[in-house]
């Protein structure tokens, strides 16, 4: 077996990482912690894992965090860590959506870099304020639209950018799930509870949770921004307060057209994220169920299967790969790539260097675009699917 | 190998079949002829294969048709055949769309049953007139929305009807192709010429050619009729006179929502017809690339793969199967099922019996629904994707 | 939809066809009849569908055969048909294996061409005698190793022959089924009864029924003949008299090595015929579950998907295709190609012309090779998997 | 997205880990380091990354290892670390095969637990000695047959053990690659060099490198040991000194039969490990290209798709899963599970507790079985594929 690991970055000093949210009973935090660990770029040293003191402390203990760095308030944490000579350099925010903005502000104001879950905020006003604050502080701010970290997605983006598809025409993005087919939010499932609660999730349910992922991926790969959308959001499960199915028509700058479908009631789908892009010269297809494969057809030629690090794979995919072709890399590796690239950016900022152009983690601007997408879709759907311009 | 052919119907007398269109240089005619032959229900004995006399004659000769039954005018053919004691009992109409209506009228008026390609007509007015004429004459009229003949589509329809999916929520239909990615209509390709010509195709390009197939399939399987649609039709290839990409949002009676995408510029897709249906209790997925498979998920259970005549297959699929599981049946077999069922219906009418409830070829009403779908989509697209009610 | 049917051969006079076997209660006969009909090359006009007079007559009636041409003895049929001016020109033999040889002899001696199911005979001695008789009579003799009729198999053979794979190294053939997982032969299933009966099937069970198909396919595609084999045949189901699982190592002329696996007890497999071929320059993969696809990898390049009549498909595949890419052709179409090619050969013989080099139906020599394969595998397995030379 | 990470084990103190081999220019070491890190069970604190002093030091620096714990001799390392109060508790051996035994002895003799790459040794004598030493010292000894760490492989094993397949009959294991299609060992590729060198690899080339993986997986899932095998090993690439293709027939205790194919010249295959198991009641299929899926067919029922943590998944799969269904876990996660389970065993030994029955990393005995398999296959192949008993 010919193993060549491109990302054994252990030589670099680990960045000191804190986390807000992600304590006992919460779950996305664990994914962020594995992602942070995988390429050995970070060491978790502090956390406000919960706003309940006892749970915050217990969670810190679980995670081997020194108790003097286990906080039950993010404000206290930002202040205390900023004051330490060995204070955290970067914080991961893994709370429900409505808390992203105030927490991010606290750490940015303390000069601490931020990695934040998505959607960025619950209103575009908050998001715009954050954009301004990030620019002002010069901090790195990564939003974990993690699917953009998959190697073959990087190749897809590069192929589009290099003109392999010609002028783009049709973009099909979809993200079906089925976990909210029934009224899970009434069963005590914490994830379902806050994700269907407008006060914590914002105006989008399925739209914000996974629709924004599909949207980001489509924009990331194509390099295009939609100008307008026409949406029908539906709440199929009785009594649910947010949409659980999202159907959107898109018009992109330059004339491309697209459909975006996201659903949390499509029985038989787990996390069926899929992207298809068609242009004048070629077409691309990718699905998360088989993330190491990228299908490409040059018009008039047989379809080709590019595989992660396989024959003919592009360097943009190789760069974010760890193991040889045929050995599947998955979700955690793609997520880890976002963390690794954020680390590269943070180190560059710390040393006053330019951030390498290869680094392409989703930024605060991507986060803002996601929030604007949510607002436009909600507005369109409320107005009988009228076309709404995306700022 | 355990072969059990359920459709070796050779015992029954063959129906005398005529054909209009489908001569030398035309091609869908050959598919109809194979379909007619496959289950031995028909014998082709007459034809107006072309309106040019020389070509009509040559085509008849190619096909072994007696020259006195080779016509160069459908009017002459309808009249002459109606007058013969051994005249045709049924005619296949395989011309460009704009000729379907006058030809069908001529044969119906002569008391001859009709099998007609789709879309039925170029205007709903013509289609409504045909519906009235069919009812008046009592003739069988089948429209070759052939995909409804696939065995696993029959099972899908039965599973929905039996409530295996619960109340339907989301319906995703798509039919991407890529053969019109470039301006093929300028290269002398006859198929491309008339299919992109409004005078011969009607108001829909891709919409009429394959969008109607996806639409019919969605309605056939779900048993639902859409109430309204919002469409964006696009012509991507410069100079083309009809749409080559179709994106439609659908609202069904009962609250289900759907997306329909059809394209003739999606590079890498040959005939990618696919249907997915999701309800409160289960989900179904089917694709023409693997037509002998039907994926079903009961919510909370592992996904199941039903195969044509395989373990657990439903009788509705078995009935229209010819060979054992694992030996693929394909497009021609599904097409032949429409012909076989039309033959059963014609024989029933001839003998004054009821048509068996198992017979479910697409009818004149399905043809009319397709034309109304085209008109609604065109109207919506012209009016900025406004929701348009489907009559 | 751009339909171009390459095989609408209706212009040619139909050959007069007879059938032995395939009456009521038998089933492979129906497949042969559809295959004969599909390309309009044959008309079934006579038959000895059963050796029981009543059943023979009833079967003929089912099939619309004139009663004076319904026989209950193949000897009588051969004699009577040979004496008629409108007698059959070719006979299909679809009986259990042990009857192939005497029936074939009777018709060959009457100067009638033969299409015969496989395996050719139950002993190689009989098969060799038939080879001699075919050469003596000059009759066409086709053996229905029907899988060689699939278009992408034709392309595979051409790609190997043209050197696209370089020198061949490894050949993997498999054909798993599961229909004999339990003792079906005791349940009244006729197919299971004779296929597990050495008196009617010969020395091979699974080996003869499907192992020979996999073997023929491997030889057909690679153009190689094995020199020797080492086999372990197993009878898993208690009381069964013939093997139901076959595992064979192969050594080919020129140094290639192969494995052949066939099974009738592999639960979850319907008709899982699959072939993989690897050489110094490239590799090919094909499976009956997706017969319109052929995967090809040139070493150091991304894998390519060739599809029937799709972009880049080879003419050898196009020639035996009927409909456009993306519309699946299946088992019956491949089977029909064998019939069509036999018809071309018969017509050539009748008119004293050379048989077209494109015609490549399996011949009597292929049939003999299959019987020798069975005998070698049985001998090896009985002798502790010793390597046995294949004549 | 409902994320529940079951393996965020950060609470436990990290075990102090050393590594032998895996320095600059070597690659499997990086995989072991990621695997060790992923579940936060280990901290790498010492290493003899190379026997060249300069490279050993540079590698240590790359990896952030204190220079006083960077060794250029494993003997020195074993001695020094054993003497430190903060010495390593466990060592990973990631050198070419011929060094596994002496290195393992050194650390076992120093009372240090071992995680060792495969095949365990180059002779069964060495392997047997190691087994004895492990028993004597009471140390944990894990062999990284990492594929047994995939969640769906754990479910497969459990399903077999629970009788879901009934009595096993047929086992098909394969592992095709293509990276040695040409003479890569002459091009300066270190991996190819030592893997084709009998002095460093032992008697098996492809056989030892990946054949043993397929063999271990087949035994792990079925719970069966083969009694005898018949092998043909081939060296296709001229001048190569070890086999590059392996074809083996297997006889298992209890009557099951199997085929094992491994190849490094099968063009178009990257790491195509695949296992299929068939019994009297059901069948299972799994492939590394889609490792989160397990196909199961109960005889007479439709095929079912079990997915990692999906509906109906078994607890044995859930236990070694980290993220929700539909988000692919891959090779590194499976590898990490072996490391995590070794950590659980080491902690149990350290605290004098029983090792949890859920822990099922491959042991020294599995390693010995692999070496015996190599020796038996080589002996059989040399003796014209004679059946050789496996001790």
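Lettered A, B, C and D in written order, each chain numbered from 1.
Just so it is clear, contacts are C-beta pairs under 8 Å (C-beta built on N, C-alpha and C of every residue); 3 or more make two chains touch, one makes a residue touch a chain.
Every value quoted in this text rests on a predicted model; they were computed, and no experiment measured them.
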**Study point:** Label of the chain whose CA centroid is most distant from the centroid of subunit B
**Key:** D
Point to revise | Selected pair, greater C-beta contact count between A-D and A-C | key: A-D
Revision key, fill the gap. dist(centroid_CA(subunit C), centroid_CA(subunit D)) in Å evaluates to 43
Practice item. Averaged over CA atoms, how far is the centre of subunit A from the centre of subunit C? Could you give it in whole Å? Key: 55
Review point. Just curious, how far off is subunit D from subunit A if you go by their C-alpha centres, in Å?
Key: 33
**Study point:** Residues within subunit A bordering two or more other chains
**Key:** 269, 296-297, 299, 303, 307, 310
Study note, to complete from the structure: In their shared complex, subunit C is touched by residues of subunit A numbered 296-297, 299-307, 310-312
Review point. In their shared complex, at which residues does subunit B touch subunit A?
Key: 165, 169-170, 172, 178, 181-182, 230, 232, 234, 236, 245, 247, 249, 251, 255, 257-259, 261, 263, 265-269, 276, 278-283, 285, 295-299, 303, 384-385, 387
Check your understanding: If you look only at subunit C, which of its residues touch subunit B in the complex?
Key -> 1-5, 8, 10-11, 13-14, 27-28, 30-31, 33-34, 37-40, 44, 61-64, 177, 179, 189, 191-192, 209-210, 269-272, 288-291, 307, 310, 322-333
